[in-house]
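The structure under discussion appears below in the form of C-alpha cells.
Letters A, B and C name the chains as they come in the text, with residue numbers starting at 1 for each one.
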Amino acid sequence: MTNSLFNRHLVSVDSLTLNDLDLIFAKSISMKKLVADKGGDERLKGKILAALFFEPSTRTFSSFITSMQRLGGGIIPLPTMNFTSIAKGETLPDTVRVYSKYADCIVMRHPEPFSVSTAAKSAQVPVINAGDGINEHPTQAIIDYVTIREKFKKIENLHILMIGDLAHYRPTNSLAKLLTLFPEITVSLATPVQTPIPAEIKDYLLKRKANFKEYNGFSKLLPEIDVLYITRVKKEYMTDKLYHSVKGSYIINAKLVNKMKKNSIIMHCLPRIDEIAMEVDADPRSIYLSNQLANSLYVRMGLLDLILRK
Amino acid sequence: MTNSLFNRHLVSVDSLTLNDLDLIFAKSISMKKLVADKGGDERLKGKILAALFFEPSTRTFSSFITSMQRLGGGIIPLPTMNFTSIAKGETLPDTVRVYSKYADCIVMRHPEPFSVSTAAKSAQVPVINAGDGINEHPTQAIIDYVTIREKFKKIENLHILMIGDLAHYRPTNSLAKLLTLFPEITVSLATPVQTPIPAEIKDYLLKRKANFKEYNGFSKLLPEIDVLYITRVKKEYMTDKLYHSVKGSYIINAKLVNKMKKNSIIMHCLPRIDEIAMEVDADPRSIYLSNQLANSLYVRMGLLDLILRK
Amino acid sequence: MTNSLFNRHLVSVDSLTLNDLDLIFAKSISMKKLVADKGGDERLKGKILAALFFEPSTRTFSSFITSMQRLGGGIIPLPTMNFTSIAKGETLPDTVRVYSKYADCIVMRHPEPFSVSTAAKSAQVPVINAGDGINEHPTQAIIDYVTIREKFKKIENLHILMIGDLAHYRPTNSLAKLLTLFPEITVSLATPVQTPIPAEIKDYLLKRKANFKEYNGFSKLLPEIDVLYITRVKKEYMTDKLYHSVKGSYIINAKLVNKMKKNSIIMHCLPRIDEIAMEVDADPRSIYLSNQLANSLYVRMGLLDLILRK
C-alpha cells in the first residue's frame, strides 16, 4: 500500500481514502504491539512535533506529545497558547510560518472553525487538526474508526447510533463524515431538538448518499444497534440558557445498556461529565475507558509515523 | 535487597519500610555519581512520566521531569493542569484512567488532601504523590531523610527540630511520620500557638510511640539539636488574618544559628520567603541550597528507577 | 579558534568579541547543514536546558527548546513561570539557585531590565538572557548578525537602518550595541519623536565611537541602505496614550520597498502586527520569514553547543 499520508496535512477527514484507512489501521495495530513490547522506538529521531493548543485539552495534547516521544521524536509542548503568543497579536498564518522552521509537524487546536485549515495554507510542514471549534476533530474520528473495526473485525454492515449534543460536537461531525466511505453502514443521530446535527454535516451526508436518520429519542433504537456513541454537552460552545435546557437530557445508565445487544459496544471520547453513569463502566460493552482510550495513543503514533516517514 | 517499590504507588510515607529506605538511599547515592559522571543514561528509554500539577510548583515539577529525562524517559509536562482539564469538569479518577493509557507513571500535585490517593485507586500505573493539599509530600520527606543520613552517616540517635507553620506544611507531616521508623530519634516540633501540628499527625506519632514533644518557642533547643528544619508559612492555605498573625514570627538569623552545634545542619525545602535571613546562606551548617536541594534531583531519579524498573 | 563561550553566561552582547562572533557564525552554518541532513544529533545527551519564561514568548522559547532537543538534550519547559513560582514569592536568585542543581543551562526571560544578569550572579550554570524587559535580547542580535553576514558574506561596510519604536525594543538595543564591534558600519536609527532610542544605548554608541545617526523619518534613506530592520510597537511596555500616538506610524509597504536597492534585505524578528504589509512578504528582499527566522533555530543550536561543550 502506498503511504499517501506522507508529508500531508490532516485537517479534515474529507481528505481520507479507504486506502489511507487501511494503512492507518495496520499501522495502529503495529504500534499497539510496539508499546506493549518495548514502550516505543527511535524511528522519529531528529524530528520535532509542535503542539500548539489554543483551547484546553488533556487527552489530545497528551497523547500527541506522548506518541512523538514514544517514537523517539522531540516536542514543543504548548498547552496554553492562548495565554502566550496571542497576547502579542500575531496572526495564525504567521505563527504557523514560525513553527514550520522549528518543527517537522504541527498539531493545532483552536476555537475558531476552519482556523486550522486556513493556517495550514501558510505552513511548510504537515499540519494536523486537533480540533477547530465546532467543526472537526479528524484524528478522534480515525481513532473511533480503528476501535470499531478492531472490535468487529469489519465495519461495513454496522448500525451506529450517536446521541447527545451533536450540534457542537466535532468528533461526531468528523466520524459521521468519515463513515460515508462505507455506504452499507447505518447511522442514527439522536439529539435534543435544540441541538441537532449541523446543517453542513447533514448536507455532506446527503451528498454522499449516506444511510442516516435523525431522531429526538434513542431508547427504542438500543436493541438493534452495534455501536452507541455518547457525547458530552459542549457547555463552552453554548449560552447558559441553552446549556441548562439540554444538560442531563441524555444519560446512559445500566437499565438502558441492558437493552443493547450482547456484542454491541459503548463509546465516548471523553471527558465525560454526567452523561454516563459510573455503573456502566464495568459493563463489558463499555470500551471508552479501555480500547477506545488506548487507541488514542496507538492511532496517533501511527499517524505521526505515516505523516513523518516515507 | 528486594525492590518492593517496583510498580507501586507512592502516595504516603506510611507505605515505606526500612528496607525501602535503604534501597532508596543506595540508589540516590548512585544517581549522584551518574549525574556527575555523564549527566544520566538511557535506562528508562521507552517509558513516559506524566506530571500533572493542579497547584503551582517549581522544584517538585522540574526535578521530576528532569529526573525522567536524565534516565532516558519521556515526559508529559503539565505544570498548570488547573487551567486546562478541570475546565471541562472531568473527575480526577477519569483523568488518572486516561494517563494510565499514555504514561508508565503519574506524578500528581493537587490542592485537596487525599485526592492523590483516591485517584491512585483508579490508576493502572504507579502514582506518585507530589503534594496533596496540607496532607503529605512523601518524596520531599524521603529527600530529607536521605540528606540527613548522608550528612550524619546514620540517623538513629539524632535530635531533629522542626519549626514554623507546621499546621499546613505537608513536607514536615510526611517527615515526622517517616521518622517514626526510627524509634531512637528525638523530634521537637515548635510552632506558633495558632498553627500547631495537625491532630492526625499527632495521633500517628502517638500510636507509633514516637519520641516527640511540642513547643511554642525554639531558641532554647538550638544548642542541643542536630537538625533544624525550617518551614514556610503556607499563606495559600490560610486566611489573611491568620497569615498576618503568624507571618515573620519564626525567623532564623546568624545570631540564632550561632547557638547551634558545629556539626548540626539547617534544612528548608524551599521556596523560602523571609524565614531565613540571607546571611545564614553562607554558614557551613546551611544545606538547603546545596545537599538538600541537589538531593531533590538524585532521590527522585532513584525513585523513578525503583518504581519503573524491576 | 578558542571557544571562549564555554560555560559562560550570555546576558548582554557586551561580553562578545569578534572571535566569539566568528565562532558562532561557523557553528550556526554547520547546524543548518546538520538539521537539513538529519534533523539533529546526540551531542548534548545527558544535558538539560531549563527554559524559564516570566513573559510570553513563542519564537524564543520554542526555538531554544527545539534546539536543545535537536542536539539530544532534555528540557524543563516553563513558558508561563509568571503563573507558577512567583505565586509563592521566591526571589529570582533563589529560583536560579534551584535550577542550577537540575539543569546544565538556564535560559530566562523576565519583564524587569537587568533581572537576568542579576540572577545570573547566583547561578552555578550558564544563564542565557532571552529578553530582560526593555533592556537586551542578545541571542536575537546574534541571529541578526549571522543573518546579515550570511547574506552579504561580510558585514564591515554596510548601512543598516532600524526603524520604529526603538525606545522599548530590546533586539535593536542589542543589535546596535553588537554592531559597534564593526566601526565601518553605518547605523541609522529612525523613530517617532515620542519613542527615541534609549539614552543608555546612545551613550554606549557614543563611547564606542559608532558611526550612527538618529532620524524621525526614513523614506529618504531607503535608496542607500543595505539592511532595513523593522520593529514592532511594544504595546505591553507603554501607556495606552503613547501606544495610540505611535501605532501605525511606521508601516512598510511595496511602494516603499521599491525605493530600496536590489540586493538589500528587509528584516523583522517577529511577531509583526501591522508594520509590514503582507504584500511585502513575497519580495525577494524580505528575509524575516525565511533566512532570519530559520537562523533563530540554527544560531541557538550553535550557542547551546558552544556554551555546553568544550
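The rule is simple: a contact is a pair of C-beta atoms (placed from the backbone, for glycine too) under 8 Å apart; a residue touches a chain by one contact, two chains touch by 3 or more.
These figures come from a predicted structure and were not determined experimentally.
Colleague: Have a look at where chain B meets chain C and say same if over half of the interface residue numbers show up on both copies, different if under half do.
Modeller: Different: fewer than half of the residue numbers at the chain B-chain C interface appear in both copies.
Colleague: Could you say what rotation angle superposes chain A on its sequence twin chain B, using C-alpha positions and rounding to the nearest 5°?
Modeller: The two chains, chain A and chain B, differ by a rotation of 120 degrees.
Colleague: Just the number, please: Cα centre separation of chain B and chain C in whole Å.
Modeller: Once rounded, the distance between the two centres reads 40 Å.
Colleague: Of all the residues in chain A, which ones touch at least 2 other chains?
Modeller: 77, 80, 83
Colleague: Residues of chain C touching chain A in their complex?
Modeller: Going by the criterion above, the answer is residues 38-41, 56-59, 61-63, 65-66, 69-70, 77, 79-80, 83, 232, 235-236, 270-273, 289, 293-294, 296-297.
Colleague: Can you check the complex and tell me which residues of chain B touch chain A?
Modeller: 45-48, 50, 74-78, 80-81, 83-85, 87-90, 94-95, 97-99, 101-104
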